[in-house]
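Working notes, structure below.
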Amino acid sequence: MSQTEPPASTVSSWRHRLHEVIFEADTPAGKTFDVFLLLAIFASVVTVSLETVEELENHKPLFLRIEWCLTILFTIEYGMRLLCVRRPVRYATSFFGVVDLLAILPTYLSLLFTGAQSLAVIRALRFLRAFRIFKLARMLREASELRKAIWDSRGKIVVFLTTVVTVVTIAGPAMYLVESPEWNPGREVQSQFTSIPQAMYWAIVTMTTVGYGDVVPQTALGKLLSAALIMVGYSLIIVPTGFVSAELVGLKRAVSTQACPHCMSEGHDLDAKYCKRCGNKL
Amino acid sequence: MSQTEPPASTVSSWRHRLHEVIFEADTPAGKTFDVFLLLAIFASVVTVSLETVEELENHKPLFLRIEWCLTILFTIEYGMRLLCVRRPVRYATSFFGVVDLLAILPTYLSLLFTGAQSLAVIRALRFLRAFRIFKLARMLREASELRKAIWDSRGKIVVFLTTVVTVVTIAGPAMYLVESPEWNPGREVQSQFTSIPQAMYWAIVTMTTVGYGDVVPQTALGKLLSAALIMVGYSLIIVPTGFVSAELVGLKRAVSTQACPHCMSEGHDLDAKYCKRCGNKL
Amino acid sequence: MSQTEPPASTVSSWRHRLHEVIFEADTPAGKTFDVFLLLAIFASVVTVSLETVEELENHKPLFLRIEWCLTILFTIEYGMRLLCVRRPVRYATSFFGVVDLLAILPTYLSLLFTGAQSLAVIRALRFLRAFRIFKLARMLREASELRKAIWDSRGKIVVFLTTVVTVVTIAGPAMYLVESPEWNPGREVQSQFTSIPQAMYWAIVTMTTVGYGDVVPQTALGKLLSAALIMVGYSLIIVPTGFVSAELVGLKRAVSTQACPHCMSEGHDLDAKYCKRCGNKL
Amino acid sequence: MSQTEPPASTVSSWRHRLHEVIFEADTPAGKTFDVFLLLAIFASVVTVSLETVEELENHKPLFLRIEWCLTILFTIEYGMRLLCVRRPVRYATSFFGVVDLLAILPTYLSLLFTGAQSLAVIRALRFLRAFRIFKLARMLREASELRKAIWDSRGKIVVFLTTVVTVVTIAGPAMYLVESPEWNPGREVQSQFTSIPQAMYWAIVTMTTVGYGDVVPQTALGKLLSAALIMVGYSLIIVPTGFVSAELVGLKRAVSTQACPHCMSEGHDLDAKYCKRCGNKL
């Protein structure tokens, strides 16, 4: 997205204009293009999704036709992007360049191989462009505040995730052992903790309070351990919430770092023009 | 609810009084009316609910009688509302006007068509009037603070929801692919991710830690992806909690209610001696 | 617990002393009594619980013997409480007095009626005395801060609960309708939303992210509505967290309301002895 | 980890150097050792985990060979640790010393007894060393802030846990009674609340919003009670989140690091000019 705009003297004016429409969202034409692109991507995701619904089997020819139309549109868009950027190779090898290519390939490949069609779901990755909507809706400030709050808490999030992984690594094998047939010789029902990775999957699902219930303890000791893990997990998981809250409270309480030139007092609001202590101009 | 009170000179005094009782909650009569109306709506929702319970099948005639009584009461109320407002059409086409009509129609229609009865559940929409209780319980300040906190965070909530939708749009198809029979040729059990919309439904249920367990991954790769989505989802979902906390902390940080006597600006710190806008003494 | 201590002149000294031991936790004897009572209650709850475990059927005589011992102990304690308070009737009709009686009755009744035994679980109510542990562990300040934070947010919690109840009242009937056989004529599987109360139970389980999975939507429209309710519920439910956070942040930021007698500056810390602005004694 | 470094004069220099490499992470050699050790522990946990996966049965000889290699490595490490610390007995009886021994024993025991192999999962406890990664990644400050926030809230967490345990102790038996066959004579389906401990396990799973769904209420009264418990539980569980948030917000509210030159007291506000304890100029 950080393509530098080519100076008007080195490229023909229509390439310049095309670049402006496709890559920037500040002009009316650019905004219109972005809105239409997002709608097309959305339609494409919906079509690929509905194709997989068995109840709509008899509408499949319609879906296929829409998919082909959108694929051709996306191909033209991809071509135009290659055409109007100054460094096509750099775009083509960038993350979004690869995604744009992967989004159109499966439909063409489906002409050659059966089964390639199923790869059309890769197209969903194009939905990452949905973040452009912040630019359209003038929500860049909110988005960047959010990003900053998460970024500033990254150290604590790493500490938190390490703790979670450690607890999962210890709780998983423990539950596997406790629920294993060797520890419960007389039990008829088979353990749902069929392997340690399965037990770790259960530990993650449990600690985050998702609790599918596809794997549950069946022995008394297993249920006791499970209750303990739930309490530990719950105590752990409230911590990052607190962090992000604290970061965001801190962001909101930003005061000017400017000191009053007359009485040297600090802590003035960002919008203050006069010192609140001595009344002189800041 | 923002009906302007008609001046006493243009309407007969009983219409004026009726308007006061029905539409306002400040007079004792208005309060009594509101309490009775809320009780009647509550009774109506309970009756319609109990009618659907199979175990109470033999009490159905009783429920039907209560329903008819309440419907007649509501019809009278609807008529009175039309009668006492200055602009009946405007009320009839307002949100609450339409809801009030929809609440009584199904019972009358059930005389003409069988099956219309099932539409009686629309009556539950009348329960939206429950919010009037804040007025009765003098909790308007709390309600409006809450509304303000949510409203002020709307930008961040949009950013958050966009992120969730994007993650769901990408995780759903990915899981569908990973769990599909084409990727797992030898498996006997059928994939529970029968279509991409189903997979997206799973992604929402998982990311919000609801975790019904009606759709769960069965392959090793699927469980790994699932665990990853849970961790991503969990990290995402703590963010709006932090926002609302920060907003509410900000609300509580009291500023002086004193306005500057010179420029009338507000929002000065409690310890400010001089106006931060014009520099004059407070 | 607010029994006023009887003056030593009106009661014999042993009754006075007994009162001190049983009702107060400040003396060493009172503390020892409290610890033993909590242990006895805990043992009693464990015994009644284990009695219901089928695997331990053959230990039942042992459990019964323990239960009888504890019942006799509790009876003696109840008698002593009646004996040493100045107004026995007031104690006997107080909440804890009734609970203390209900805890011992079922065991005696089981001699007369079979089945009375199952009422022994009422004994669990005695566990409410566990809150006395705060007094023992010198955590009264924390407990009262917590109570204050919840109490101060009560207005907002009422607003929040009203909103939840309203959403449940509207979402429940809507799901019942959408999943009903009338709306899905060709479907083989039976709707799990068998009645509106059942649908409301589902709505509560879903909105609070508990998500048992015993009732789940099966139609496409039902799943869409469900996903919408989850998002609404999630947005709603983060709000009270924010409230309590904000209240607690406010509690921590308490500053002294005392102004400096020399320079009149405010905002001194609660533990400040000298003015932080002019250095004079506060 | 708090082994005091032995003075160079009392131990041979190679033992001193070995101690530095194994027990400290400040030198390059110590860091390299820590990274390799963590990788070896990780590989060991993965191997033991994969051994239990039925699908990988035919790779078992490979896993066994890796396990033996790692066990021998860990044995050498254990020996070196014993060799280089000044007080080997104190290390051997410390928590990590016991864990290090338990991690290698099962593999050797498996030569003597069949079944001892299953104890290899104890090795997962070694993963507790993962916390050393904070030292490597220079995240000690974040880790200690987190620890401080949790430690400072310990009083409130105890109050909270007592409340949860009390609610579980009362809700469990209540549900057991309500769902018991004695209270529901005509019901065909068997109660899933087979015993009071099971009912308590359900109460914990429900209150923390995990909601497996392996135990669910089936009667109308049971569902009502369940909905009530969910609401109570939800109200309770938001409280510790608020605590940790408030603690962390408090931590962020920086105070001056300047100590009073006269009384050495700390914690002065950033804008303080005079010591709040002794009144002297800062």
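Going by the order they are written in, the chains are A, B, C and D; count residues from 1 in each one.
We adopt the following convention: a residue touches a chain if its C-beta (ideal position, glycine included) is under 8 Å from a C-beta of that chain, and two chains touch if they have at least 3 such contacts.
All of these numbers come straight from a predicted model, not from anything done at the bench.
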Chain separated most widely from subunit B, comparing mean CA positions: D
Interface residue overlap between copies subunit A and subunit D, same or different (over half shared): different
Whole-Å gap separating subunit B and subunit D, where each centre is the average of the chain's CA atoms: 40
Intercentroid distance (Cα basis), subunit C paired with subunit B, Å: 29
Overlap residues in subunit A, where contacts from two or more other chains coincide: 53, 197, 200, 209-213, 220, 241, 245, 247, 249
Arrangement of touching chains [line / ring / star / complete / other]: complete
Complex contacts: residues of subunit A adjacent to subunit D: 155-156, 158-160, 162-163, 165-166, 169-170, 172-174, 176-177, 180, 182, 194-197, 200, 206, 209-213, 216, 220, 223-224, 226-227, 230-231, 234-235, 238-239, 241-243, 245-247, 249-250, 265-267
Subunit D - residues contacting subunit A, complex: 45, 48-54, 115, 118-119, 121-125, 127-128, 130-131, 133-134, 137, 139, 141-143, 145-146, 149-150, 157, 161, 164, 197-198, 201, 204-205, 208-214, 237, 240-241, 244-245, 247-249, 251-252, 270-271
In the complex with subunit A, residue positions of subunit C that touch it: 53, 55, 209, 211-213, 220, 241, 245, 249
